[in-house]
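Below is one structure; the comments refer to it alone.
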């Protein structure tokens, strides 16, 4: 400290300090100033732009898809032959638990969130989501949850109780490692990501639509995302209660699920499946939305029965809440409850049927172009039908007591999940890749990818129907020749076929990864409207500008973009569609009336700070060092209040005055002078 | 979750983020009750609570639990409609809150029914 | 065409004589009732699947882009939509009515003619015949494990629970599965038409050796059942002096009696499984050699040929062959000795002393006793006499 | 009480949703499709989802209320007069909260700060009452792990207590931020949102009070 | 703000802290942890100082830097934090001598004051312009100050109010509660209506009330709570083998007569008007004998239809008698019993038990008896 000596005697008139130059934020705050860069790693870590967050969600989800895929290959390698020795019993139990948990919580939900984050604002003509910083917080929470979940591999073994972690097998005496604690708290943190994402997207869809876009003029993908988010917003709190009770049981030895204290293990099953069943509709509805966007574009026909598809989506979402106990037909519910839930489960097959019929009728009479995206979409329609029908066979409760917990159920949900949401996601990748990255994925590699995946999928999961009906239970780390039989339908042959199929599937996915690398290195820039699309997100450049639309378009029709490109000039019922404008002209017309000032939300580091404190709290609880949790909670409160006191759009005082000398481009954000 | 079509509204904003648009009249504060009425509502709530507690000391036979539940529901609706302004606000707020509430009620009552809780 | 293959495979399983746990080979009244409901639903599903698949193939061929003008932008025909919604709904109502009927019938418990209790614990099943007037009258309850013997043609009510985690009792040939949840008692109607062995397996994930927790139901004619029952209740026959079996008996008391029980053997009050095993019980070995499997019905007491003779026996000769039990020539010495000397090596269990903190020192499964060869010989000899 | 502290730590992170919600977009929201502010829509949706959370805890309690070991059940332990007074206090805090919100509507800063402080004080006395109740139950032998009844009772009322404490911190922090003018967004809306949260926590207590304390086991 | 020196030291701090955690988790030697933690704290302090003084490198040679170096421009304003740090240190020492609570309080003060001092020092030298400095300070101190202040105020009220409640008797508690609430409400309405009351008067009154509350709380806290009697439970009856008494014991006070629904009820045992004890299991006829699975928690419900309050007792052989300190007294055994509270006429009670020993092996049969009703027993068989 520079101590200034004051002479003792006469009062010294402080010399008027020469006005020091105003200090720029980076000098005053250094690393803690508000981030404003738009390039480099800071642009990604502190971004609040829905497009950057969408791409980060997609990349992280794809990484976890590959991780879970490898886990699946290890499982199939262990079961390829009798008395398999690839994995020991304990490691096998961890492998299938983490395969299922990673696929559902760290691939399917975040991938749907990524696509939704990227596309919903573009499809409804908004410049960003309603709460941009919560959107960033959601992504970092998902990543923190994924890391905590997978940290268990290195700290004593992962969770080994199956993805629905039935009690009391998941309580401490039967699963002594910390795996289940990491599982519960990791998914708790990832659950926060889904809850905040859901609130964010619902408010965005309800409140930030372009002028003229009524709810019945919204694209179907946005409709399915809206239903999915409503399911999420009401399902996540139920699993949050279940995880809290599980953590209290494991870390603070409460007795919620231990039968010795008189508890009822079925309480966990109810709480889990009240979340679990809406969860599986959360996994598949986004892909229904994607297919409902892709099929019309490549059939050159609007979606057949738009209101029916929308209301059947809502019906699935609504009925999804009344069927959860069909997972528990053999768990000992009374006959009356089983009857109620069996009929409700059958009722849910009707709206699903409506969707399949409408997709087929959309293609009927169309002008089908079989690009890879179209192939994947049609693949979904076929494979999901098989999965849906095998689902109906065990909605019949008595025959479900023969099929539940066998490989027949494994076959069902893989046809529905892989055939449903994964094929849907891949259709989405191929369809929207030019919009997101500006280049089309190669169609040649795409075809290899599609056919290998379809063949691999049917070879892997088709035989599982047979294995299930031959009585092979789920989650068996080993099968022996004694119980496999010799006839045509013996377990030995079909287990081997299934394992080979799994590796073909893996090669198919490998083709997709090479396609990505190939496109980024040598792909030609995509045309503005490669597929002659129909919806609003295509009235932007590829990839869209930071603020999406220069002028928020006014919507007057469903499939607005198509209506701006084509006019029906035929008289009476004769129809004659004539192209009146190319995509470039439509875009130019919009850009001509660009807004002068556009205020975009500024990046902020508070979301990542608050998200980073959650794993600290979780580790403190798991290892019983509560001081660490308290410090983590203190930091979280600090982060939350720092966030609350930070204005959404940064005032000018946060920007360094543009240095005159280097003349570099000022921040790309248009700053109001 | 069925979105009633009446939700789509007269979107007037010509420009999503027009500069310095006049502050739209915030709907919450235009009307609602005056302070005096709030105090009266609070007294009503206090009276109902007192009634509930005294009822639990008296032995009124089988109607005891239904009466308690009715009084609870009345207090609940009073606070939600008046103190939380739901009665005077846009119908979307009521839709969002009551869909969550009724869903919770339905799902958990059905779950407890499978435990033969009400038998 | 692959999708068609998958659907065809699903329907073709109806006529396969294959894995012992085949769910399409009903052998009892209950499983037949389920089967009569199950295969029509599969047929309907197959037909609907085929229709949708053919529609897609037709669309791919007929409406391929051959340069035709942009098709009519039809937004849908509501009439067709409603029809194609009501049709599946009707089909489903048609499926729902018999479902509820079968469901209620399978939940009946008051026409029980014989009741057997079952306890699941980590990685083996205990079968207990309580004292009752049913099953031809049982005047003293007795306990066995792994194989449940029932008279043919009788309505047996299996009521079971679990002593640790959730297991599931499932004999595909006789009825659907029912989870055995600790703290609750659940019932399963079981009835076999013909004598034979009906295989089953625990089908609710229950930890390390979920795959090795099997059980079998043996159905005998009422006459054979009476002889089997009488044999179970016969008093304890101590091995005569000086024989290896007598040394086996003392070895049994010193090594095995801490957890296992042989009715009638005076073990000097040593038996206290609740201090050594977390599920607080161990299999009752009184008539071990009348069963032909051990260790959660995962390993065979019979050599392969003897086992073949019993499994392949025709219904008429099955009863007599099963009642022979395990003769010294037919004993599968290799597995039994390996199990006695080091059980965890053959079946993954939680018996490593260092890691038993959470269950306060009690193992889940049989620990490795580290016996030498002659102790093993003595025990094998002694167990051979438990028939 | 150490459980309450860690409970607070865990639940606090669960509540980030609404604080973050305040940080929404700028002063006086730009014109939206429904004409309503994003923050308020987000808050009502958040309250809708919280119904599911408390519904789960309440149904767990209702299932396990009868399973008290060794005859230390609800009838022996509940002190009805005290709990009815604490319900009365929470109701009055809802009144003072509404007065604060209407004062904020009138831009009367002095009364806003006053009524927010009074609400926080009433909330603090309610939580003080809860802490007293937990201590006396603990002294009477009802630990967190004594029986299923006690675990589910402490979980439910503990969760609610933590939500009230988080509410008190928000109220007092808003008073501080108003006096130092640190609130970036529209001040009346911030007070209204805190009010919505506070009223929600109060109506959850109305349900808990009737189902847990008044209906006999 | 984060100059190179401070980055180096900050990295050192985090490295030492992480090493301490990893060492603590992997090995269990405390020496290593203590060493690494102290290194972390030391490096942390150094980092703080270096940040505050911005590496102190206003070198003489760099004339321009000396001119613009802000520290030379603005004389640091006076602030209170050094005083509080000194107070905190004194409190810690005092606490070591007297109660440990003061040590905690002292450490708390040290931490808060140290942090505030650092932020003040940093913000005052952030730039020459005063308002910018205050804004800079608010940007970092604000998010912690507001919540911590709020928690402190709320915490004080909660703590002192709960101590007062614990001090008052069970009947005076609610009265005190109502009075406190009405006082607060009245104060609120008074201040709200008297717009002319200057804010200092309001602040004065609230301060006075707060002081009164804290004084009451500390007083009540110090001389201890009222005697809250541990609730005697039926489990204790079994341990002190009082299960055979027919008269009312402490555990039988207002024993709840309604029986909660337990998942699996093994049997209903009824003592009818004539003193007949029969057991009825679901699906079987009434008998004098029940079969209980070994080592499996089971529940039975005892219905008392006789005309006197009765309890049911389960006797499962003998157990060694324990003296006061819990050591076994050689040779003496006492019946190993569990029992329910007294069920009044028409009432019912629930008994949960688990038997690990086989009944055939035990020296005397296990049975369910009702104290005071001779000759009636239900035999309990455990296979």
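We call the chains A, B, C, D and E, going by the order they appear; numbering starts again at 1 in every chain.
Here is the rule we go by: a contact is a pair of C-beta atoms (placed from the backbone, for glycine too) under 8 Å apart; a residue touches a chain by one contact, two chains touch by 3 or more.
Quick caveat, the model's predicted, so the values are computed rather than measured.
When each chain is reduced to the mean of its CA atoms, the one lying nearest the mean of all protein CA atoms is A. The greatest centre-to-centre distance from subunit E, using averaged C-alpha positions, is reached by C.
Remark: among chain pairs A-C and D-E, A-C carries the greater number of C-beta contacts.
The distance from the centre of subunit B to the centre of subunit D, with each centre set as the mean of the Cα atoms, comes to 16 Å. If you average the CA atoms of subunit B and of subunit C, the two centres end up 53 Å from each other.
Inter-chain spacing, taken between the CA centroids of subunit C and subunit E, is 47 Å. Averaging C-alpha coordinates per chain places the centre of subunit A 32 Å away from that of subunit D.
Of all residues in subunit A, those touching 2 or more other chains are 206, 208-209, 233-234, 238, 259, 262-264, 266, 334, 599, 637, 640-641, 644-645, listed in ascending order. Touching two or more other chains at once are residues 7-8, 11-13, 16-18, 92, 99-100, 103-104, 107, 111, 115-117 of subunit B.
Multi-chain contact residues, meaning those touching two or more other chains, occur in subunit D at positions 32-34, 36, 41, 45, 48-50, 52, 56, 63, 67, 69, 84, 88, 92, 99, 169, 173, 177, 182. Looking at the complex, you find that subunit D touches subunit A at residues 2-3, 5-6, 8-10, 12-14, 16-17, 19-26, 32-34, 36, 38, 41-42, 45-46, 48-50, 52-53, 56-57, 60, 63-64, 67, 69, 144-145, 147-148, 151-152, 155, 159, 169, 173, 177, 182-185. Of all residues in subunit E, only 138, 142, 145-147, 149-151, 153-154, 157-162, 165-166, 170, 173-174, 177-178, 180-181, 184-185, 187-188, 191-192, 195, 199, 202, 206, 225, 228-231, 233-236, 251, 253-256, 258-262, 340-341, 349, 352 touch subunit D in the complex they form.
By the touch criterion stated above, subunit E contacts subunit C in their complex at residues 263-264, 283-284, 291, 293-297, 356-358, 360-361, 381, 383. Subunit C meets subunit A in the complex at residues 2-3, 5-7, 9-10, 12-13, 16-24, 31, 33-34, 37-38, 41-42, 45-46, 48-49, 52-53, 55-56, 59-60, 63-65, 68-78, 80-81, 84-85, 88-89, 92, 95-96, 99-100, 102-104, 106-107, 122, 164-166, 168, 170, 172, 175-179, 181-184, 186, 199, 201-212, 214, 278, 300, 348, 355, 357-359, 364.
Taken together, the subunit C residues at the contact with subunit E in this complex read 109-110, 112, 115, 117, 119, 128, 130-132, 141-143, 157, 159, 161, 163, 182-185, 261, 263, 269, 271-274, 279-281.
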